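Down below are the structures I want you to see.
Heads up, the next two complexes both have subunit A, just with different partners, subunit B and then subunit C.
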Partner chain A sequence: MRNAVLIAVCFILGCDARIETFLPNRVFSLSLEKTRGASAERATEDARRVVQELYGTPDDPSWPLPDNNLADLQNLVRSSGPVSSEKDGTHLGLFREHCVVCHALEGSGLGAASVFQNPYPRDFRHGVFKWKSTERGKKPTRHDIRQILVNGIPGTAMPSFALVDPEDVDALVDYVIFLSTRGEVERRVIAAAIDELDYGETSPEDGWELDSRNEGEGGEVVHEVLERVHADWAETQDHEVPVPSFSDLTGKALAASIARGKEVFHGKVANCAGCHGPSGDGSLPTLDYDDWTKEYTTRIGLTPDDDEALKPFREAGALKPRRIMPRKLQGGVFHGGGDAASLFRRITQGIAGTPMPAVEVVSEPNGKGLTVEEIWDLVRYVQHLSTSR
Partner chain B sequence: MGAESNLADFHEQGSLIHRLCVLLVCLVWPLIWVGGLVTTYDAGMAVPDWPGTYGYNLFLYPYKTWLLGPFDLFIEHGHRLLGAVVGLVAICLVASAYFRERRRWVVVLTWGLLLAVISQGLLGGMRVVWSDRTLAMVHGCFGPAFFALCVAAAVVTGRRWNGYWARLGERPLSPGCVALVVAIPVLSYTQLVLGAQLRHVQPNAAPGGFAMIVATHVIVAFFLWFITMLAWLRIRRCGDLTLSRPAGLLIGLVGIQIALGVGTWVVNYGWPTILDWFPGSTGFLVRAKGFSDSIIVTSHVATGSLILAVSSMLLVRVLRSQHCLKSNVDRDVAEPTEYEYRNNTEQQVLEPATV
Partner chain C sequence: MLFPAVALLLIVSMPARAETGDLKIHFEYAGDAPDPSAIDVNKDVQFCGKSKLMNERLLVNPKNKGVKNVVVYVYTGRGGSKLDPVPPAKKTLTLANDLCRFEPHIVIAQTGDTLKVTNPDAVGHNANLGFFNNKQQNFTIPAGQEKSVALEESEPAPIPVDCNIHPWMKSYVVVLDHPFAAVSDENGDLTIKGLPAGEELVFRVYHEAGGIKEVEINGKSEEWSRSRFEVDIKPGMNDLGTVVIPADALSAD
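And then the complex of A and B:
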């Protein structure tokens, strides 16, 4: 009887649509079509199927390499699916509870509220993260992702999860890694299907079709991609950037260091003033974009302001291109943290996915890089700037 | 003596029903607050079964486990208990109206209230049993409508309903003014529905649809504020404080609601770009599950319901006033209506010197 009433009311009012699958990465497919001059439709569809076999669905995730301890399956299950909680207060469906409205189910950064964010929410599928302790081209460590979750990003919509149960935060770290690896594998498999398996308007010959079982050419390509992406995540600890000891200076020594840092800031090697402005107020005009935007604009020969040319990409879900702005250093707000170690790494590695360049660390001043001491002077100057307005 | 006795009976009979209606109003607004907190904390599924709580009868669930357990369980079970209390009061209201209310349509109204509270309970239960966000949204939209209905019931069962309006000698309000008063609850409810769609957004919702709802929500908010100002300007000199005061109150409430709306956005998504001139906005840090933040969000929900309730009260009073005043104007000759008769009798009772 109760079920009959439930069915009747739901029939009248409507219910949640079931979420059977992750959406395919159409924007990337269109970019590939533009650069490869071949249809990516078939490859995209087959890649979606294969990736679903490997990684599961938004309600039922799986981890394709069980011997890999990157992500705990229990945590993935806790983070996926609809929001609910258990008698002891354990929360389930954590990603939908905390993240999905901005980052979307796929971690594409195309969530419902994404258009209102500046900068846009991160698209995890590129496997590129800005705020980390590792080398520029490498994945972040678990600790890096955890730090971002706990500290949040001031001045953006990215919240601090400091008040959330630490176990929930750990589970979300796993789920971010899951979405990132899943998304990157999908991208690479689509590209490999076109480049190596002759995917085009039609499927390739038998044995060359994408396969999740490591059988045939298609299967080998998929597993090569899978192992490569997972290995990149597994070896992040080996690529942490060491930070030399930093001295807390006071008085005249600090003032002298800040003065030297100011020279470095305006100097030819670092040339921070070239983007951040002579006074660090970020007021210089910029025409550059981040890598996530460049993928469907400048890198495939499209002008970001050309609405007509971008129309297919926008219809596929791409957000309107927005210029990237150099940080205003005077406000004291550093998205990736303003401590000395974070600033040191940002100067020596740049910021992945953005135009912020890296400065080479040299042992002796040679006009091509900065010594460690010069970098610390620069760090002190930037920290000094952040306290002025 | 006969008239005095009848009037005394009338007030005595009406008094209990009215008090029960007021009690309902006083219970339902906190219920909306707690329900809002349940959604803000994503605690709607903290108790996975229904109508029981973890296998217990709703009223027999161990109170220590409830009070000392997780916060999600505390507010979800508390929401259910308070809802059950509202249901019991609604049953008492129906019973008292059945035995003591002479106006048949008021009796029907009390049955409507009971039916509404049962439906609301069913919606809440189905939301849990099927873990369905859409039903949660419908449940969230139906609550304020029920609240407004309770307020309307409190107005029609009040003393003033039977004796206040007919003594006025003014002309009825203009049709344009009445239209404004009608528009306020309509727009308020539209806002509630739009807000509910933002609050219960589906995980696979597209940015375009969300942005459109946000834009509509903001535009309608300011339009509603403008309408409340217009309505107050038209009503303020009608000579009836029971109309002009709620009309003025609505301006303040909608203003507060807009401020709470901005606050709700800020604590959820940070400062919007158009407000980045606000001191501290560039370094503002959003906090997930912050208590004060959740209170801001929930108060936005509760104030929306309050606006709907006050505007519904104003509408019912205005319609009643129009009805009585038009009767006066149309008749032009004193042939007392049922209510005027009661009113006149009441005055005689209350002021014997004028007899």
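And then the complex of A and C:
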């Protein structure tokens, strides 16, 4: 729908026409309607208004709290708006230049090219990211997002932007944080409006309407959400997962470690083979989905392949549900990086938003978790698998 | 002389502390009891396939149409009841991965409690806890082992717990900052005990299979707007009677 509008606007006014507003998160509203048994229409509309007052528009962004170290307004301005460049070569409209075709203006992952991709582009609005150095439930650090932009994500459509000016990459990191924060605030405000402020078919009583100023019950709710989401981003560097030292082994020592790692892989504690299949060949049957998909399917009691039931969600923009598959570990492609530190974090934290669970780190073997040395053995085995076919 | 004085004090102060009421509700399904569908066991078939696993989303007793797993709790959010703080009971509650299903299906906890996730099964499981306020985690539990989770914050809604190795395994954890909650049994009966008496309390009702908004209580239609209802709690037993849930409010799959 957005694409059709964009194309129409381009024909009539030219592609630099102003875009006055972000689209509301209709898919999330529909999911809420299903779980809460209440109309989300008024809540969605009021949330759209309030979030626009706080975060501005695709052409004119603003940052609602004085925590500017999260996102610099100059960077947001440079990343937003139509694509153009100045005499000195400064690029403007960076997000629309590099990102919008997949991630869409809202960072919803519903861009024009999204349907052709597997996996789908990330929807930033959940505030959940898979490839990062922090604890499972925490936001990524700026460095994590930067690494993704610079390196891309192997095995997916996400390309490397290593050739883009580093200052432009920095500006885009800010803009990703902006879109994610804005989108998560919008989601939480819609939910809080229904759950706490009695929004439904009718507006709530006086003083309970959503308000971007910190006034009345409705304003309080908005500011609680705002402060929580911003605090989650601000504190995330305190939740980086430390990685113990890893030694590069060769020859017999490496072979022995790989052999031990194979035992761990198939063992009862890690049980990697339970999903990734014997020898990590991905041969086991799975019927699971990621959290982005579950939100409009299994979590609200809809069967993902029930096209009829999903119709309203698809019309609101939801992508056709796809199963999530455990990584086939042979073949050498790790979406989140195959270096020892990344694999250590993935094994000890799991992967946010996905079925991949975490293994506890223990100091002595106790049948409940793995020791650091056992994890390194496992890492070496998995790295070894990735070079076999 | 001191003793009678203390005794008198106790007697005088007792009613204020001891006046509590219990709330009893019987939930019934208006439609025919659906047959729960069988689970297609496609993982660890040798072990998990031994017991007959059923989809537990909507369980209606075919004998009396009682609805299992209806959760009712005192709602203390905005516009809800204001309760005096209740000291944490610091209980340890068990959620077992038992024969490739979670037992119990719904755990009701108070902040300060510990959730012990056990695995008496011969196969490995994991527990994916999609918390909103507590630390989100998803850990593996090897066969015969257990893991403990501290429930430090209350949660705004029942939190789904999944095992992703066996995606049919689903359960819910309710975490509240008070103990006033209950879940209905196989006859559709629940009782919330020890409620503060003498005031109107706001309750919220939850069932995983849909929203409960319009009900019939003892034959009279009532609207439970936003799945909430109010009851003036009197000392002793408060029996709300039979609450009939319309058939189209809940779906079995």
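Here is the rule we use: the second predicted complex is superposed on the first by the 369 of 389 C-alpha atoms of A that agree within 3 Å, B and C clash if a C-alpha of one lies under 4 Å from a C-alpha of the other, contacts with A are read in each partner's own complex, and residues count from 1 in each chain.
The definition used in the following text is that a contact is a pair of C-beta atoms (placed from the backbone, for glycine too) under 8 Å apart; a residue touches a chain by one contact, two chains touch by 3 or more.
Please read all numbers here as calculations on a predicted model, not as lab measurements.
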Under the stated touch criterion, which partner chain does A:195 make contact with: subunit B (first), subunit C (second), both, or neither? second
Subunit A: partner with more touched residues, subunit B or subunit C: B
Is A:255 in contact with subunit B, with subunit C, with both, or with neither (first, second, both, neither)? neither
Under the stated touch criterion, which partner chain does A:231 make contact with: subunit B (first), subunit C (second), both, or neither? neither
Would you check which partner chain A:160 touches, where first means subunit B only, second means subunit C only, and both and neither mean what they say? first
Could you tell me if A:91 is touching subunit B, subunit C, both of them or neither one (first, second, both, neither)? first
Enumerate the contact residues on subunit A facing subunit C in the complex. 34-38, 135-137, 194-198, 200, 217, 221, 268-271, 274-275, 284-288, 291, 299, 301, 303, 350, 352, 355-360, 367-368
Could you please specify the touching residues of subunit A with respect to subunit B in the complex? 5-6, 9-10, 13-17, 19, 23, 58, 82-89, 91, 96-98, 100-102, 104-105, 110-118, 152-164, 319, 328, 331-333
Mind listing the subunit B positions that touch subunit A in their complex? 42-46, 48, 54, 69-73, 122-123, 126, 129-135, 138, 201-211, 214, 268-270, 272-273, 281-290
Any idea which subunit C residues touch subunit A in the complex? 42-44, 57, 77-79, 123-124, 126-128, 130-131, 135-140, 142-147, 156-157, 160, 162, 164-165, 167, 208-213, 225-227, 249, 251, 253
